[in-house]
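Down below are the structures I want you to see.
Both of the next two complexes hold chain A, though its partner changes from chain B to chain C.
Entry: the complex of A and B
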């Protein structure tokens, strides 16, 4: 049996409801309450040059900050490829542009807000800042955008088209956007974990380089799988990597408190992982279209620590060693993803 | 005129998001583009929008725009002569 060529997550950074650009959430996690919680932004004036930042909206600043940190931690200035996932892109700039359009007509529109209102603004900005002339793609596939971006980057690295990819998942939630998400029945509902914001950047490499956070063994995506098909696909993916379900030390899963959302995770756990501890990461990072990026970020850093911190519980005995972590997500019962990570 | 210059400086700072500048940091006679404030072509578009939105002045001629945006003082003189609101 030929195992899938392993890839390595060298670094990963976040801006979210947790303390930004650090891993304090592993020892003193914040559990955002209510139905809506914005990110805890760092002081961008200390991270970005004012002349450069003045044309960036909030989400662009976050994307630039986490990407800078992730690249620096990986010891790289310029990636070979930039692959980004975002559900709705720079919503704040889009809103400002559309509001001006509604109130003042097609004249007198700000070119800056117009430029930032496109979905691929982040990838483009990151390419300009890093002088990356390579592959540059933005996936806008709702809540599976980041998973698609990671999948694309993995394919790119495995075929040898790139050695280092900067992969990101970025979404902001403005107050008006949050109202729309609630009307759509997607986020901010009673009983659901709060609607939050996510900016995550990670560096994915074909070689371990300097001490990587973890290895990415394999990942699989499924669109509208039949009942049981997802569990079968997860089982086959584990088999391809020479693993049994019992080898998985931690299941990082996207429970959000809504029964329809949580049922597939419970079904998978019952069938394949009845005794595996779980980290329900949305209690920490909330719900939004890019939050699955936070699940991979969290899993990668937990693997670096090698044990599940007591503060995060998960039903595991204190000091449970972590060697293999499976990250599972789905969006509205339509798009499913499973990502197998391991200590290098 | 000095009052209009001060007002334009504040509006430029706000429109171009020049967070690290105060009105007194801008020399009214210094070039807005190139060596002075170091603005670029996108800023020029923002300034065109500013003039139309705040003063009812439509700049259709690119050559005229280049002259109008030579400095804050020149801009203020043009606004004083052509404003419709």
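Entry: the complex of A and C
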């Protein structure tokens, strides 16, 4: 049996509750408190042309900024493919159109808000800005939207249809949307890490050019697996990549403080990784539909550093070398994702 | 050349009716489904639409969905089409863990959200519908009605969502990751996008006339469709008869404007060329093109340019069946892929209804349904906002 062809994450950038567009969180992490924390936006006036930025909503600005930075770090102007994940898309525009529809009725509605309300607005904008006529899709599948996008990009690269993919995960949480997320029992609840926002872009390459951050060995996505089936699927993915559970140096997992959310992570750890240190990344990046993109971003940068920084704890002895990291996420107990990353 | 990916089942619901037979009959007789709105509560009664002629309650009863269960029209349409797709592929509910399910939508639960939004913001009465708002929840609810699929995913690329869902599913099967993948899309009419398209001034007050010199916009439609894709190995193992082959898919981005298509039609041309390359076919192999053909002045002009660029003077028979179904937006890629499947199965060229006069440099589309023999490959175009352009190629199963 052949190993799945490895791919490489060349660069990864974020705008989140952490200091934007840098990796300061590895030495001085912020632990957002309360139930709601918006992203620490960079000064977009320094990053985007004013004429361009005026026409963009907040999420579009973030998507443009992290993507520009990720492409520059990969030494690329134009990717071969753009694959985006988003839970609810450009919420600000959707809300403005919906609010107008509900209060003013079906007259004199703004076409601009409607045009920017579709989920694929970000992918389209990124294509226009980079003049990328290649493959372009947007996945919107709850909290594994980004994971689906990364999976699709990996399949695309492995079949040889593209050499470099720009993969992103973007969600904004407006004050009204935060109310909705709380009412549906998803985010911003007492006892849970706060409801935050995420914009992450990374470049995925079929070749290890320009000192990659890490290797992407494989992904495994499953719908409603029983706990033992999930452990079995993850174990088999490790096996395909010539690894055993004991080879995993760090589990990056999506605990958020709610028992229903945390149980599957604990179950998988108990079955396969009883002694593996964990990084519960949502303490740093909060909860939203795209936060799994931050888990891959964080894991990639930790692998570049090769050790778990003391500031992040994780129950690992200081200086523990990182060679193999497994990132696990799930969306409402329905859709599960595991991503195996490795030092190149 | 990779081994073929077979289509072994399909399901459809649209303004043309429920199911493959009703759809085939409507296509063969040239009967359109456009008419006044009956179920969508909007002040814009002036626009014809391709509404599915079933109420939410009627669909729920047929599907055995409890009347007390919160549900959206998008979910009910999706379940209606998926039921037929699984039945025609002879897949028993409860035996789905070896199959992936990939669905495209944009509106998701918007038909309820636009009614309940004031409640969403102010009280807990409609919380169940907040959880149904997003497209991922729509996909999982459509899927979970029938059992437990091994993998689910949702795409949202505006009007090409379903086509891209089918392309992702094709990749899942070709890569060997899944033996079987059910893919397509579902979309209900909503006030949200009816008003959005109205604000963009691209709705026609008359029945739409794609590729006609007098065209003045699109009519919205709704519906759902799914294809069951299967590897050769799985087809042999299950002993099922393939209906057709999904030979290829192409996706490209116009990278020009959020809603307008470029005059040089770069995205549509690249999407068709990519589909042909993926299917290892030449333009002259295509016997029928189901065009995206919305009926807006811009889209059809640009698509005509792209068709001429790809096919030169040898443009195969083409039509836009949106003149019969309305523009079913995110579901259109799957609904029209099923139209292509029926065209191949029945040797039928479906009509571009309401057409009156040619646009410059374009031959007339198929204006009356026509029986043909030897139709081997059909190309199906789907273009979306954001310049998300896709094309699929469906082919006859070679007689052995």
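In this text, the second predicted complex is superposed on the first by the 344 of 344 C-alpha atoms of A that agree within 3 Å, B and C clash if a C-alpha of one lies under 4 Å from a C-alpha of the other, contacts with A are read in each partner's own complex, and residues count from 1 in each chain.
Definition applied: a contact is a pair of C-beta atoms (placed from the backbone, for glycine too) under 8 Å apart; a residue touches a chain by one contact, two chains touch by 3 or more.
Since this is a predicted model, take the numbers as computed values, not measurements.
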Determine, under the contact definition given at the top, whether A:155 touches first (chain B), second (chain C), both, or neither.
-> second
Check the residue A:331 against both partner chains and state whether it touches chain B (first), chain C (second), both, or neither.
-> second
Answer with first, second, both or neither: which of chain B and chain C does A:16 touch in the superposed model?
-> neither
Once the structures are superposed on A, label A:111 by its partner contacts, choosing first (chain B), second (chain C), both or neither.
-> both
Given the touch rule stated above, what does A:205 touch, chain B (first), chain C (second), both, or neither?
-> neither
Is A:51 contacted by the first partner chain B, the second partner chain C, both or neither?
-> first
Given the touch rule stated above, what does A:295 touch, chain B (first), chain C (second), both, or neither?
-> neither
Partner touching more residues of chain A, whether chain B or chain C = C
For chain A, what residues appear in both contact lists, the one with chain B and the one with chain C?
-> 109-111, 115
Touching residues (chain side chain B, partner chain A) in the complex | 16-20, 38, 42, 45-46, 49, 52-53
Listed in rising order, chain A residues that touch chain B in their complex are 45, 50-51, 54-55, 104, 107-112, 115
Could you pull out which chain C residues touch chain A in their complex?
-> 42-44, 101, 106, 113-114, 117-118, 120-121, 124, 127, 130-131, 133-137, 139-140, 143-144, 148-158, 164, 167-168, 171-172, 174-175, 177, 191-193, 195-201, 251-259, 266-267, 270, 384-388
Going by the contact rule at the top, pick out the chain A residues touching chain C in the complex.
-> 82, 87-89, 97-99, 101-102, 105-106, 109-111, 114-121, 123-125, 127-128, 130-142, 144-145, 148, 151-152, 155-156, 158-159, 176, 179-180, 183-186, 221-224, 289, 331, 334-335
